[in-house]
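Both of the next two complexes hold subunit A, though its partner changes from subunit B to subunit C.
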Partner chain A sequence: MYIHNLNPSIKAITIILSVLLLTVVFDPITPLLFIIWIWIITLFVAKVNIKKFLLFLSPFLIFAFGMFWSNLAFGNEPTNPTEVVSFWGNNIPIENINTALALSLRILAFASLSLLFLLTTNILHFILSLMQQCKLPPKLAYGILAGYRFLPMIKDELGLIRSAHRVRGINRAKTLKEKMHQYKRFIIPLLASAIRKAERTAIAMESKGFTGSRDRTFYRQFTVTTKDWLFLVMMLSVLITLIIFAWQIGYFRWYTGEI
Partner chain B sequence: MIQTAVIKVDQLTLFFEDYPEKPVLDAINFESMAKENLLILGPSGCGKSTLTHCLNGLYPRELDGKLTGDVFINSKSIVEFAHGEVSHTVGVVFQDPETQFCMFTVEDEIAFGLENKGILPSEMGKMIDHVLELVNMTPFKNRSITTLSGGQKQKLALACILAMEPDILVLDEPTANLDPVATLEFIDTLDQLQQQKEFSFIIIEHQLDGWVSLIDRCMMLNNKGQLFYNGNLRDGINAHRHTLEQQGIWIPTPTRLALNIEHQSDYTFDHLPITVDELAAYPLPTPVSSTRITKSNPLALKAEKLTWTKKSTPIINEVDLSLYEGEFITILGANGSGKSSLSKLIAGIEKPTKGSTYLYEKKLNEWKERDLRTKIGYVFQNPEHQFITDSVYDEVSLSLRIRGLNEADIKERVSLILHQCQLTGFEESHPYTLSQGQKRRLSVATMIVDNQSLLILDEPTFGQDANSTKQLLSLLQERNETGTSIVMITHDMEIVHQYADRVIVMEDGKIVLDASPTALWEVPSEQLLNWQLELPVQVKLDQRKQKDVSYVYS
Partner chain C sequence: MSKWTLKEVIVMAALSVVFGVIYLAFIPIGGILVGFMGPIGYEPIFGIWFIVSIIAAYIFQKPGAAFISETIAATIEVMLGNALGPLIIVVGIIQGIGAEAVFAATRWKNYSLWVLMLAGMGSAVTSFIWGMFQNGYIAFAPSYILAMFVIRLISGALIGGWLGKVISDALAKTGVLASFALGKQYKKRKKAA
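Up next, the complex of A and B:
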């Protein structure tokens, strides 16, 4: 549970720094090796359920594959058209393959990093830690928490409004235009009740002495310890090592704005 | 020893910006002493919630309007308090259990108030355990708030406030959203707490039953925001009985029964009784209970082996049910027993996993949705959910337009329905701007305008004051007399007693009793408690009298 127990803010900073570092790199090897490293951590150190992990990852896999394919199909004119690989009877320039791989793998790397964070962090703990370590204003932080609590309520309410309107003899929307119109009708009762709920919650919070000032104590305290810094240093040094490795085998390229 | 008031309200007058000509509160004066429990009575819309906001320091800081006069808390004017400091002395429990919390778990929520107060984290654990023990919720410490029942949520709200150790609690209709048994439990908890901890409370309620014994003093507000009585509850009811009835202020049910006796039989109580015991002490003849003629009407709807499972948990379990034309049925049962689900299944709003429902011998799913809706009307708990158009007139005429009636017919039909629902004159108003009672009647209007033969209502009297409840019920009774079957989910046993000719009691997704109300009253009290039902006051009274008689003769 090492990853779960890390300070959420430091974990987030580590992820952000890794992403920033990855954006300046443009070769297929660095992200590929880094992805493997993240997956090992996610599945074996953090012990995230593999089914859950794959489920969350699958949309990104599809997106990354789409990116890969479209870059092959509509790639730029290569500067070196003689170096090609034959693939299903098509000659594809190696340069284009490299670009496509680099782009799709970096998408996967960003996704894997985000999932490593999301699947091992409690949202409440993250926000509490942001307040304590990163000076997030309590007004904003508790607002986000209260809003987060509303999401399931709003979902339930939407279901209710839908059936309430059906009872009025309004038929189920079939075309896209009808559907748009229908959602416009749902929005007013939904907003009316959301605003009322938000106001009530705000009043309840104030009458418990909440002022939004930073001058407050915390029941759940988050501190930064050596193990948190260790995680940050470890992740970044792995990434830097990989970059150096890619450099040495001659693959490394700076990112110059390819899409 | 001269006692100083914990709260002193001095000539408090308040206007909202949108209505500068009509004050919400008009020159209110009162004091609240330590160890004194105060009741504030008033019709809905009399400014009770506004008063709460004045007492907890929200106003004048957050007020869009004008406030004159002053509120003193422990002799210090409320404007001199630092932001958030009032909460150390005055704690508030609000009406809606869903919107009082901002954290995810029980312990975090209690800690939230302590954090605001700046309590050291090392001391919080002990304090949280202590208040949870006070409200009997220790096993729920780590539970997620969304998994709690309404009653548990209100007890949690109480615990959160108690943890901050205020001198006085303001309870703003804390039991209005709870079922009768959860209400009694909440009142009991509060009663026991007062024996262990020193605090007093101000309760703002319109459903009074159960609170009477805890109250030391009572204040009455009218719908102009003026205080017209301040003193003993009993004397107040005695002196202002007519005003109370006129304003639609909720009075204890035994008192209401006594007032009915006054109206019917030229008798005047010198002291109006406010509890069942007091009413039973009067030498009054037991009224002949009107046994309703059992109707042998044609079958309207028949449900066979209805089963509904949601995420592999059974909600409704093999329910058989027959409804006959012209019946007035109430569905009773604890929260979560499947009342709403069953009503939605028979209305064809939800589809059962197994089993089928027949309306006039034709399966529900064989009916065209549009035709079905002209037969069955369904009134949702929150009227706003059903509103679609921008004016009352359009709202009522909507389904007639869908059916393609001509404008003259529509006009005639709509004005008749609006008249029946006492909404004449509001044709052009936007549905959202109506009062709670009017919104409710409008939602009923839209569901009877097609002359639906079956009308299903999900807790229609919820959050309504005495007057609008009365208006709604007489409207329903009128429809019922012209042949509409009414199926109503309710917690209000007085309604069951007065209007229903059949009761259905649900427990764990099954119908456990389907009989006449009279048969329900004879069910042993342990069983009723199990179903979370309470006897209506009139029945309690009759049973008391019978006991007295048998005591005398034995």
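Up next, the complex of A and C:
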């Protein structure tokens, strides 16, 4: 449960820093090894359910695939056009294949990192921690939390609007044009009722003494301890080691073409 | 933040929730388009992800509306389970900065259709620069990058700017915005007419 109990803000910062580091990498080896590392952490240290993990990851496989083939099809002119591989009768430069692999693996690395965060973090704790560690104004933090609570209400409201339309004799949309009109009919009443609810919530919060000042106490206290910094240092040093390793064996590339 | 009343903040959060859901719903649509067309598949619908900053800026007409609302919408997306995770908050911040910069250039005074469309394009510019790094678009051929950029600009102006204005104006007509800048203007105009 080590990963679950980390400070949510530090966890998020670790992931964002790793992503930023990964954006300078244009070789396939570094992201591949890093993906394996993240999966080990997610599945064996954090003990995330593997089925759940794969289910969340699957949409990114499609995105990564789209990235892969379009990089082959629309990639930049290679600096070394003589090295090619034949594939279905097409000559594809090795350099473009490398870049295409690198970029699609990068997408998977981003997705894996995000899942490591999402599947091990209580999102309510994340907002509270952002307020306590990252100076997010309480007005905004509690505003976001209140907004988040509107979600089920909005779902109910959508059902109400739909029924109200049907009672008045508007049938279910069949063609695409009708569907567009239907969305237009839904969105305005939906937003209007959300705004009314929000206004009432704000009045309720103020009447109970919420001022939005930073000088307040918290029921749930979040702190940053050594183990949080340890996680940050560990993740980043693994990534940096991988980059150095790829460099040593001559695989590491960053962007070398012309802009 | 002190210039904002709690009511405005919560209403902005509520708007961001509704659009956070819409943003999420558009991701699989984009995903399918990308699977078939490559990264350019995202571009025609990209403007939808800027819409809340346009709507919030137009309704509240205050410094920070575009930036904060887009950031909240991104945070809500994370809470609802956008698989991009905390990274999407960074993306939201970057898109918000683009729109906010355009409003800042008018000193938060001008909210005509042109400015709203420019704000949508502002988000398109900043989000594209980020996309170049994040997704490594820089590795594509220059003509492909240019095509992506132009389509995103148009989408930002039309879906972000124009559609955002249409939705906000329709909301003002219902009267729910009576205590916000746009609703007040609407009332004044109605009285004058």
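The rule is short, and it goes like this: the second predicted complex is superposed on the first by the 247 of 259 C-alpha atoms of A that agree within 3 Å, B and C clash if a C-alpha of one lies under 4 Å from a C-alpha of the other, contacts with A are read in each partner's own complex, and residues count from 1 in each chain.
The definition used in the following text is that a contact is a pair of C-beta atoms (placed from the backbone, for glycine too) under 8 Å apart; a residue touches a chain by one contact, two chains touch by 3 or more.
Computed from a prediction, not measured in an experiment: that's the story for all the values here.
Superposition model on subunit A: subunit B and subunit C are shown accommodated side by side without a clash.
After superposition on the shared chain, subunit A has more residues touched by C, the comparison being subunit B against subunit C.
In the superposition on chain A, A:Lys179 contacts neither subunit B nor subunit C. In the overlay built on the shared chain, the residue A:Phe210 is in contact with subunit B and with subunit C. In the superposed model, A:Val19 makes contact with subunit C only, not with subunit B.
Once the two complexes are overlaid on the shared chain, A:Leu160 sits against subunit B while remaining clear of subunit C. Judged by the touch definition given at the top, the superposed model places A:Phe60 against subunit C, while subunit B stays out of reach.
Of the two partner chains, both subunit B and subunit C are touched by A:Thr201. Looking at the shared chain after the overlay, A:Lys47 reaches neither subunit B nor subunit C. In the superposed model, A:Ala146 lies in contact with both subunit B and subunit C. Look at A:Phe218: by the touch rule set out above, it reaches subunit B but stays clear of subunit C.
With the two structures overlaid on their shared chain A, subunit B and subunit C come no closer than 7 Å at the level of C-alpha atoms. Overlap of the subunit B and subunit C interfaces on subunit A comprises residues 146, 189, 192, 197, 201, 203, 205-206, 210. On the subunit B side of its complex with subunit A, the touching residues are 53, 56-58, 62, 83-85, 87-88, 90-92, 94, 96, 98-104, 107-108, 111-121, 124, 145-146, 157, 160-161, 164, 344, 347, 349-350, 369-370, 373-374, 377-378, 380, 382, 384-388, 398-399, 402, 432, 446-447. For subunit A in complex with subunit B, the residues that touch the partner chain are 124, 142, 145-146, 149, 152-153, 157, 160-161, 163-172, 185, 189, 192-193, 197, 200-201, 203-211, 213, 215-221. Against subunit C, the residues of subunit A that register as touching in their complex are 12, 15-16, 19, 23, 26, 56-57, 59-60, 62-63, 65-67, 69-71, 73-77, 99, 102-103, 106-107, 110-111, 113-115, 117-118, 123, 126-127, 137, 139-140, 143-144, 146-148, 150-151, 154, 187-192, 194-199, 201-203, 205-206, 210, 212, 255, 257, 259. On the side of subunit C, the complex with subunit A involves touching residues 1, 4-7, 9-18, 21, 27-28, 31-32, 34-41, 68, 72, 75-76, 78-81, 83-87, 89-90, 133-136, 138-142, 144, 167, 170-171, 174, 176-177, 179.
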